[in-house]
Structure formats: C-alpha cells, structure tokens
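Common to both upcoming complexes is chain A, partnered first by chain B, then by chain C.
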Partner chain A sequence: MASSEFPQLKCELGVLSKSDGSAALAEGESVMLASVCGPIEVKLQKLLTDKTSVECCYRSKAAEGIQDRFRETILKNICETALMASLHPRSSILVNLQEMQNGGQLLSCAVNAACLACLNAGVDMKFTFAAVSCFLNKFEEFSFVPPINENEVKALFVLVFNSTTGSIIASHTEGSFTTEQFQHGLKLCREQSQFVFKFFKESVINFDKDIE
Partner chain B sequence: MAEVYKSLNPLKYYRDYYSHDIRPDGREFSDIRPTIINVGSIKTADGSAIVKIGKTCVTCGVKAELCQPKPSMPDQGFLVPNVELPPLCYSKFKSGPPSDQAQTLTQLLADIIENSKCVNLEDLCILSDKLCWCLYADLICINYDGSIVDACLIALIACLKSVTLPQIDYNPALEVKQVNLQIRRPLKVNFTPVAVTFAIFDELNIY
Partner chain C sequence: MSNFRKTIISNAEKQFLIKNLRESTRLDGRAFNTIRDLKIEFGKDWGCCNVSLGKTKVLAQVTCDLQEPKSNRPSEGTLNINLELNPMADPSFEAGRQSDLSAQLNRLLEKCLKDSKAIDLESLCIQMKKRVWSLRIDLNVLNHDGNILDCASIAALAALSHFRRPDVTSDGVEFKIHSIEERDPIPIVVYHYPVYITYAIFSGGDFLVVDPTLLEEGVAEAFLSIGLNSYDELCGLHLGGKAQLSTNVILEITNKATKHACGIINLIKKGVELDTKKKLSAKETGFHKGNLKETNDSLSKLSISLDHWTTTKTSKKKKKSLKLNTVEEINNDCRMECDDINQPNHEVIRDLGVQTTELVHKGTKGEWIIIDSDSEEGANPNSSQNDIIFVETSKVETIKVQGSDSEEENVIIVCESNQEKNVSKSPKKKKAT
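The block that comes next holds the complex of A and B.
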C-alpha cells in the first residue's frame, strides 16, 4: 500500500558563523536553513522568571503571511517541549528558520532543521525530535514523497516524535481522511522516524570528525 | 476554603478531584461545559452568531462584499475568517496589532474551512471571472476561558448557516450590478466540522 521510498536527507551543520548553531537541511526537494541563538538576553515583554522563553521566527521565501505565524506556533510548541527551558530562567533562545526551497514537505523539513540546529548549538535538550511527512494521494496510497501534481494530495500528515519514548509531540494534518488512514499514516511515520534519528546521529558524528 | 487551597496548591487541588474521576465543577471527564448558541443577534450583519461554552464567549459576524474573483481561480469566491483577541477578553492580551495567537487561530480556522470543504466556494461565484462574493467572517472573543478553538469553530459554522445573500442582477455587457435586498437566499453549508479540545493532566487523566 505504501511506497517505501523516503526523500533523501542531506544536511550541513554549522553553516552560519555568527549564530550559536546552524544547519541547512534538504529533505527531498525541500530545503531549510535553521539557526539557533541562545540563551541570550530577553526582551522585557517576553521575560519568564521560571524558564527560558523560546522564540521562533519563520521566514518564507515569498511575502510574509499568517501562515508563517501558524508554523512559528507549531515550531515554538515543539521546541518548548524538547528544550530544557528551566535551566536558564530570564533568558531567551531564538530559533530562526529560513525557507530556501519548497518541495512539499516544508513543515517537517523545518522541524528537522530546527532540531539539527539545536544539536549544533549545544543547547540543553530533554530529547531530540524528528518530523516525518506522509502524503495520502487521491488513489488512497501512502507515500513519503509528495506527488508531482499538487492536486493529487488528498491528505498530508506531519508527525513529530520524541527520540527517547517515541511519543508524539506534535501533529499537523491537512485535507480530510478517515481515522484508519490516520492510524496507518501514524504507523508509517513512526517507523520512518527511526531513520531520521539515525540520520541526525550520523550527521552530528560526521560534523565532529570534520572539526577534528 | 477551596478557593484558598486552589491558589496555594493548584496541582494538589486538581489531583484531589481527578482521583475521584470528577472535575472541580462537578462534571465527568467526558462532559463538555453547557453550550449556548444564539444565531442572528446582529441585525446589521449578513449573518451572525454568539456562542458560549461555559464562560468562554465568542461572537461572529459575516459581512458580504462583491468583488472580482482571482484570475487563478475564476469560479471561486472568498471566505476570509479573522479572529480577534482583544484585551477585554483576557488580562494577558494587549491592544495593538493582532497577536501571534490570534493569527494562529485565524489560520487554523481557514485551514479547517478549506480542508472540510464545508462551504463550496464555487457557490459564492456569481459570474465567472467577473463577480463573486467575498465573505468576511469576523470573530471576536468576549471572554477567554478555555476551549477557544471549539467556541470559534461553532460560532463560525453557526454564523455561516445563518448567512443570507441578496440576489444580484448583473449585466456583464453594461457591467451594471443591481442588488435586490428583498430576495435573499441562504448560503449552503455542506458539512458541520466540530472541534474538541482535550488536555492531558499527569499523563493519566484526559481533561
């Protein structure tokens, strides 16, 4: 029922010299650039006395819109769950994302890039997180690769997993589908997330080797 | 006494109730708060609704305007939701440009309408590539007390179901529009999407 093909992942860590951590990630045809700064000084408005305030800034290639704010909220919620926010009260961690190329799975690419950038910055995390996009086309077939024709997408699932317990930390869906289809998509994404975590591990190890 | 206890040790306060499978206000876990819908309360709008879920209160009004369809989708009209979270509904909201939360809610509602296809946008087209309806659905939160997405969606759908659009006599050759306010037809709403908000407390109880 599902094609086992997964979009190729390629990444480069530490691409930006002036941020604390950065990563460029290509997931199939989608490319994102992420940078993490922090813990840094916090704006008085956003100051939290018990934990770090996590701020997310998402910039799309085209004109800014409320869609970007929506993505920022999703990313912020994920980062707040994963980062050890209570370690640095009265400070902030900035997660910036720049869309480079839209190949259909922007959100999962953004989440994965954010995770790699956090790893590269060395901010304390409770766990790493990986997002997987799964497409359901109009022939009711599941695929990790977006269909060439955008109109063929019946539904899109983006699921984000916790690396230690494997629990879901965020889910975003588009389109309409049945509960069974969602369950199946969830199963596929969960299996696939293991490969993404493996990719993260290899990327970080390779980066460390390069430095040495 | 309970009030003092709640503010001194809020976690324990809730856990005490939840250990008996009941909420502090006496509801079971799967019960929703009493919900009231009032439709058509704003006479000057083309459709309106006020929804209360418990103490949360959201009002929605639809304004219909005539405009030209987008060249990329000449047979479709527009349905534009907009959520406002003014400072009067919650002390943490500040006045000024729409907050991130309000923008996120707006986008979420737009996504729900688009994905559920509850309103067929082609019904809003009067003449292809020339004239269509643009429905502005403005949602204003009066009291922010949880389950805001649920309240907004109920208000929006109830409001859309009450929308009536006047008949338009359009002469494309002369580009003359005649609005007949006497004859109004209701907007067709195909589906009723429903949102339900849950929270997980202590990983055990679904609240």
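The block that comes next holds the complex of A and C.
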C-alpha cells in the first residue's frame, strides 16, 4: 500500500486591481485565477427583486466550449447557495474565473479559487466551501493526484463541502463506479476538505497580517 | 447601456492630471517617456504566457489544428487573433459580446502581426490545397489598467515565439499528427518581432505620454499607437481621437518609440530562450511553479497600511517597521510566528512573503494507494525538494534575485532595467520641445 498525497496548494490573494477581490490558486499543476466584483449595478433582465443575482463567467485558455458553460453553471449554483444573496436585492455579484493551466483537477481548483476570491472581496457568505477532486483509476485505487495517463481514470469525483456542517453542497462525477466506491471516495474527500479549509484560513490570516 | 458599470472620471481628477502634466510629472511618478514594469511568465504548455505591464495583465495561448487552406492562398497556413474583454478585466466589459473597443484592438493586432508578415505562413503548409496548419491566438485580458494594446501585442508575440506545433506526416491520403512524446514539436518561424508602443496625447498635442494608465487614457484626447520591430521598421500606425499632430512630432515620437520596442523585443527573446531551454532539459515549468507572488513595492504597501491606520499600540509598532522599510524583517516576523503555530500540525503552511502562502503536506495516509508507484515516487521527492529550495531562495530574495539566471527559478520574471536612465532626461526634452 503506497501513500498518496494531496496536491500542493499555493495561493495569492488580491492579484488584480480592478476587481473587489481576487485570488490565484494552484492546486497541483492546475492554476486558476478568480475575481469577484460586487454587489454592483445589475442588468435589467437579470434583476431580482428579492436577492442578488450571481453572475458567473468561466473562461478557458483557448477556444471556449460546452464544458465552460457547464462549469459556469456548477459554480453559479455553488456561489448562489454560499453567498448571502438576500442582503443585496436589485444588485449583482460577478464571479469570474480564468483557467491559467490545466493540470487535471480544473473544477475543484476553480471552486476553491472562487471561495478565496469571495473571502478576499469581503462579500457576505453563509459559509465557506471547499472542493476536493478524487480519482479512481482502472485498478480501483483512489488518489487525489490525477494519474499521468488520462486513460487510466475510471471515475472522477468532485465534491464540494460546506464549512459549518460539513455536508455536501455540490457533487460532480464522471465515469462509472459502484455505490460503495462513491461512499469511500466521499469519506476520503470529506477528510481532505478539512485541510483545504485550514489552508483557506491560513491564507486569509496571512494576507491580513501583510496589509496591517 | 454604454455607461453600464463604468467608472467615471471626475473633472477634478482630469484637471489635476493636466496640471501635473504641465509641471512635467505623472501621477505614478514616471517620466513622460518611461514605460511601466514588464513581466513575462510562461506556462506549462507551449505557447502560453502571462504578460503584465504594470497592473495590466493579459494571458495568451496559441493553439493549432489542421484545416483546408483558403482557395485564394492554397499554400499558406492561417493565423487568427482573438482578443476577449471579459468582466474580469473590468466589470463594464460584457462576456461574449464584441464591443467597439475589442473590434478595434483585434484589428490593430491583426495589422501588426498578420499584415506585416511577421509569421512565415507558408511553412505552415502541409499539402497544397489540401491541408495547412491554422494557428489561433487567444488573448484574455485579466486586468485592465490602461494600454491593453501594448500588453496584448507583447503577449501575442511572446506566445507565438514560444509556441511549438506537433510534427505531422502524411502517406498521401491521411495525415498523422505525432504527439509531443512521439516526436519533438517544431517552433514557428518568426521573421521579425513587431510590438505596439502607445502614446496618449493631451491638450491638443502639447503633452505626449508613453504607456498611459487607465486614468490617463480616460483624460487623453487622442492616442498614437506605433507598431515597430527590432529593425526599426514601421509595422502599424494608428492615430485615434482628436488631435492635430505635425509630421515632425510623429517622426520624433517614432524615433523615441524604437528604443522602447527594442528593449521589449529583447526581453521577449530572452524570456522565450530561457523557458525553452528549461523545457527542453525536462525541467518542470509552469505557473504553478512560480511563487504566485507579485512584486509589491514599498509604496503600495505603505498606502495599504494607511488605509488601515489606527491609533492603537500594536499598529504603531507595525508602522515603525514599515518606516524602516525592511520588508524582510516583517516577513521574518510573520514566518516565525507561522512556524510556531504550525509545527505541531500535520502539514506546514509556509509564508512565501507578501500575500502568499503555501501548504506543504508532511504526513502521509496509509489508506490510499498510488498508481504507478515506481515512477510517481521517483518523481515526487525530486519535485518537492525543488520546491523547498525554491522557497528558501525566495525568503531572502528581493526583486533583483528573481531577475538572475538562477537554476532553481521556475518562472522567468524579466524586469525592465534600462528605463531608469530615461527618467531624468525626458522632462528636459519635453521643455525644449
């Protein structure tokens, strides 16, 4: 039984000057840049009278595709649940994500970057969220690091957790797997999400220390 | 709808800026003929780079695929430039919608790179009338702090000269694209390197300022963009706005711009060469290898601390250390505190300096199994060791260290050095004219 490591996390907060909050996050070899603006003026057709409309924009490096729109929807749903949307009716919060480098776990990296950017922007949140990617290879082994050969991936779980209750707020899976395998993956991811939350905390504390 | 989410520049700001220009000063302290700091970072993939010109940032990626050539040019490959203005750059930009600005920028970039024949398109032909390579440059503006055009042209050029296309063979009927592992990829032939240098024109041509910031762009009456290559050849000229400039002024400005262009082109060439060498010697490169750290000058640090100005005792202490301007000291303090907190923990969070942290896992869990344990284990200790060394150097370093050719550096940060010389000269020149 060999050991498996969680991909190394590195982040930098406040990278962009035009956004209210921004974060560059490297998760293993994946690098995402996230920026959050808001609450700001809203377009008339997107105006909601009872809460903030969350606008999400995901850009990949090269030509866009359906995958981008799909990731946009996932991120939008996560942000809508986590942000205190009812505080700012008739306004919108922009969440922008830009892929910088694809290392295999883009989605979880994007979700984590979005959370850090929200924290950096200081928008009100009900809870923070952290995503963990877990790969199941064709030998039925679990790992947090994407296998070098893409064909070896049998299934991929991306699970997003709520910081206060620890419950799942989003789940995205690819490939085929059994219920037991999902349960096992869930257990591993939940344990791992604690480290991600801790990393968020330390990053934000360090950032505050720097600007004091 | 045109004013949607736009930042409005007040009359007071405008007047202040013009008044400063009359006294030969700019708001950011630059001389009239000084460009902002230029930094080029290369990603893990071929043809990917992130260029920052001051606070303006552009990410470029070149991609290629096989296509049928255009019927009027059967032996030439194609080159497409696609610049997108996202809400990330500025909330007033709308995603996926072509605005006047983006159309203009795209056209100007096309003029500079395509119409000046900077790229050898004929070498991209595989079989006449059948198959040619089609190159596509995607430019994503990440942060808009003025002068997108110059930044984008630098990014596009750096990405193109960094890019390598996969090798392709044909048996007459089918074309086989060889993966990078199979055969070495081939670089693109770049004949010459054209970049744009933009000047903002104030008060009907009285003041000409190179590399305008967003505020200066908002106040300026007109813009003069000059596309130049390292042989001092003109590759594009665009005068927008309303200003009357005499021929002499334009010629004089063009001469001044050639110096900037040469400096920038040398930086691009050097950066590409360095990164290519690293990639070919199978060193790990990419954005994730960088320390994800922006060079923060002490001035911006001070302005941030002024924002958080309080009169309590603790903050006074901090202010003192700021006055001494020993950034290292502050960093050391933070690091020591961090280390103390984290030592008993499962993993160590390193403080990489200003605004940057890094989570290094120490503990290993027995439950999980790794695939390809041989190769992974062989690779992992090395990479983690590299990381640690890299972190150590960044602890002590100032910006100068980043510019050196140290082996442990994984991101190339190229800093403009020759601009300081111009600082003292140009205001005098300005007065003479």
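Please note the rule applied: the second predicted complex is superposed on the first by the 208 of 212 C-alpha atoms of A that agree within 3 Å, B and C clash if a C-alpha of one lies under 4 Å from a C-alpha of the other, contacts with A are read in each partner's own complex, and residues count from 1 in each chain.
By definition in this document, contacts are C-beta pairs under 8 Å (C-beta built on N, C-alpha and C of every residue); 3 or more make two chains touch, one makes a residue touch a chain.
Keep in mind that what you see is a predicted model, and the values were worked out from it rather than measured.
When the two complexes are overlaid on their common chain A, residue A:R69 makes contact with chain B while staying clear of chain C. Applying the stated contact rule after C-alpha superposition, one finds that A:S203 touches chain C and leaves chain B untouched. In the superposition on chain A, contact of A:G166 is made with neither chain B nor chain C. Of the two partner chains placed around the shared chain by superposition, chain C is the only one that A:V15 touches, whereas chain B remains out of contact.
Of the two partner chains, chain B is the only one touched by A:E174; chain C is not. After superposition on the shared chain, chain A has more residues touched by C, the comparison being chain B against chain C. Of the two partner chains placed by superposition, A:G122 touches none, neither chain B nor chain C. With both structures placed on the common chain, the touch criterion links A:A24 to chain C but leaves chain B unconnected. Shared interface residues of chain A, touching chain B in one complex and chain C in the other, do not exist. Listing the residues of chain C that touch chain A in their complex gives 4-5, 43-45, 48, 50, 55, 57, 59, 61, 63, 84, 86-91, 95, 136, 138, 140, 142-145, 286-288, 291-294, 304-305, 307-308, 315, 318, 334, 338, 346-347, 349, 351-352, 354-361, 364-373, 375-377, 380, 384, 387. Residues of chain B that touch chain A in their complex: 100-101, 103-104, 106-108, 111, 115-117. The touching residues of chain A, when paired with chain B in their complex, are 66-67, 69-70, 72-73, 174-176.
Looking at the complex, you find that chain A touches chain C at residues 1-6, 8-19, 24, 26, 28-31, 33, 35, 37, 40-41, 43, 55, 57, 59, 61-63, 94, 96, 98, 100-103, 137, 139, 141-145, 147-148, 152, 188, 195, 198-199, 202-203, 206-207, 209-212.
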